[in-house]
């Protein structure tokens, strides 16, 4: 039986890019992440606060979008419980021997068919000489380059059936849902889910135009809202397209800034928001969609593309 | 002959309100300003950083809008030079004996017919016992209430002839223009003017619908962008309408947040931006309007009301 | 068998004060907390982010110090496991029917003899009309008064035997220790413990002069470091003694500011720091005390009182 | 006759370093300044907000300390007035043909014998292709490297006779003094002086051990207090010695952080503080030294070295 806490946290995200050199430049020079490894058409990047080796696997591909999401299980026993639970759901795909930085992993798909992998054994990061930090409780020193990402915070996925994805993560993986937006017709417009007390680690929002779920964005954490504002200056000065923000999200109240990396994937720089301490189901905020639309947090909101653009891009009639 | 520096700084603004009690609540409870005096239908408010007694005179009136703008001259000699210069321009209206907190003042109008007053003699603020600060270089202690305004920073006026207003302030008052937006047709779209090295103390922008210049907004300073973000939370929680922001202005790069006070006047909470140190005319940025529109600072910009709403409100055909 | 996660989070702290009126003024007017209830010589205060009714019980008493610490269990089953585990340790004291805002509670002591209570059933906060917030995922609106505390974050306790306290919380309550400072002689100098992924909810540090463990401080959370700096201004302007900070802590890297409330208890205003995502024992940083002393985070550190003052005050020879 | 405003602003500072390569690394890699020119044993660095080509000239020298201070006059006429005024004081040293980035300059010394140069003609910065900014009112784009200095803000000089230096700057250069600390014995402990409404551009503080005035520090501006805190992290992670701060200054209330660059000169990273708007002599805060010592702004203050260390270093008996 799956338990809350069996999934410890979001481990890493694999992003696909048709422009690998430019995307790598973006994550290294603009986002200020470290290039930790390179293998078979993939480059692995880390934030300065990652205890594991990386939080981003960037993989060359004909189209942009999501490769897979890596989840770390809390222990080998927890991993076994997760695998058993996923197998019961019929969504399991089997074991692989692992990847750069982590051990054996069990693959499965969410109801949209997106690939997840869950693993427990991981390599703790060992900095090269020039990144050895002064304090024992730092994983590496800060270089001061670019935006200065601490870590991956969440991944936001579009889904044609938010409810199905939400209940799969709850029932089979032990996630909790902290905010959900309900449409009048029985469908759900969005679900903010977490394996921890962080307000969101995986988010599902209703897919707009495409017949399949896609990647809405991957969100990287900086420690302060001021760093989000600083990031906006850097993005503008580096010619990176800013789609929305900086402003305050209604769910979780986090501070957001959305850009498109050169490969086309939407990237969020985020900070703030609150932790959810209530351990019971009363922690979930249920928003009727009209109430949600009429009591948004401040900020000028989103352009239409925010509801329609995801990766890979979808052209009506193209499939 | 007028000299640069004869006007020392923007002293105060008089705002008119048809809802005096609600407006006073806004400035006191939400903006966190102190009620320093009350007289003849006016209430005088101060920020914690005002060395003079107040920076805002709030006056009951059938319609919202601007009462007058008070400018402090640098000395009695500077005041004489300003008055002589204004009289030469034909815009002088004569002396009054002064007002709460300051001595004799000379009134004049800008080309739009708006009332200005210039004075030198002023009362330095003396805090009541409960506001006596711990340090000699503070004017009062901070109460910690509400937004926590330090002072008035600038006033933005709509004009049917920005160029005429700009050249009047330059030629007759010694102001400098640090940014100007030029339309292709010889008109100016906006002019950011200052009597100091602050990027803007008085701004003129092109009036949209009305046949007369009006008040676009009065802007109050807080010390950090974080306090602007905090103000947004407070405005939302107090039910104050947020029209735009928080985001970064293109001119001067200041951080903005626009709300409407209950009397209808648009109020900005602002911080940041840069000082203009170049003492020569090369300090002026001249924006062709197309260039201005195509290289805006980040942020989602302004709703249509920002170009049409000013106070007093104007209904087409109403005059 | 106790499980990680059976304690959901730190619920509230009871502080004792010989100057109840002045202490209540401090928490209400300066800290900006809401007075939620009053009963039998106690006043209950809440931060704007508390989902429960309060996080601080302030109780009149001849001496300052800690009354008790309230912990919320994750469920009734978790509560039963905690109680069974504590009873096995021999530190149990039995059930009470509860207190303002929460249901039945089981009392026990840590190895220093300090009182803890654990409960599950709690009242979710219902704001009075003037505090009803605009968004469904807010518990109350922000008033904008004073420091503006979101919630209680941690309690720091001095102990004559840090190791014993640490192992009790780990073994009997399911806490994890994220940082520990080891002295050469086998004793521990400090232990930063948590029931969640927050870096610290309960801290033990070595008691200096007194023969018994006392209260070092209770720490309240604000959302940004800028708010900690703003708090420092407010404390200075309100005549509150600032003992140390604002600066950066070495453990957890949180941003701190220490004051003494009028009743004598040390209060921290804090923000920042990191979450601990590694679910394994490798998450624990073990500091040899010399390494700790030689690689402190920036900031000018602490006055000698920080190592000797705790509440209730201790006069050598007084017992 | 000199006029207020004839000196427009502090233009640049020349620092001497016995370790030119390490010092250049510090300003480029850690402070994030651009290397704009190189000539005759000097490297010229700029902040992203400098409209002139540079604000720092770094010159190889056997000893650390100050080379000279460059002041920009407001116009050629203002320059003539400054020169005439300085010549009357007997402190003039004559004209030079200028330096990298600016035209003819007139040299003089302050009463401590320190070299100043005043010039008007200057080269406006033209960014190389990779630094061309997106907006017309930016001088260069931000790279995002390191601390990210906008510009030089002030220079602090130790003096054996603060009063003499203050009256020279007031009388001969048109500076104003906004804060002065008076010792009981007729001497002055410090004077905060400005050619603009910025609270300080040149500061004199009483020299401690040495028989001659030296360089206390040069201060570089970042836009926010958060960037000062970020700088502290970067300094620690780069092994730069942090001597004091981050904390709040009593005079002007600016936020400070002091480090030593590898050549030995003390460097401040600063933000915040207030503008001085009162144009009269009432703008000056006169602190009796005891009052100053007893009502300091918050923060744990300074180590003893802050009162004794300046550059070049002084060993008692060494001269």
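Odds and ends about this structure:
Note that the chains are named A, B, C and D in the order they appear, and that numbering of residues resets to 1 at the start of each chain.
Here, a residue touches a chain if its C-beta (ideal position, glycine included) is under 8 Å from a C-beta of that chain, and two chains touch if they have at least 3 such contacts.
Quick caveat, the model's predicted, so the values are computed rather than measured.
Between B-C and A-C, more C-beta contact pairs join the chains of A-C. The chain pair from C-D, B-C or B-D that repeats the A-D interface, sharing more than half of its contact pairs by residue number, is B-C. For this pair, chain B with chain C, the centres built from the Cα atoms lie 45 Å apart. Spacing of chain A relative to chain C, judged by their CA centroids, is 32 angstrom. For chain A, residues that reach two or more other chains under the stated contact definition are 134, 224-226, 233, 236, 297. Residue ranges of chain C in contact with chain A, taken from their complex: 4-5, 8-9, 49, 51, 72, 74-75, 78, 124, 134-137, 150-151, 179, 196-198, 223-226, 250-253, 272, 274-275, 277-280, 282-283, 285-287, 291-292, 295, 297. Across the interface of their complex, chain C is touched by residues 225-226, 229, 232-233, 235-236, 242, 244-248, 255, 297-301, 303 of chain D.
By the touch criterion given at the top, residues 30, 32, 133-134, 138, 141-148, 224, 226-227, 230, 233-234, 236-239 of chain A touch chain D in their complex.
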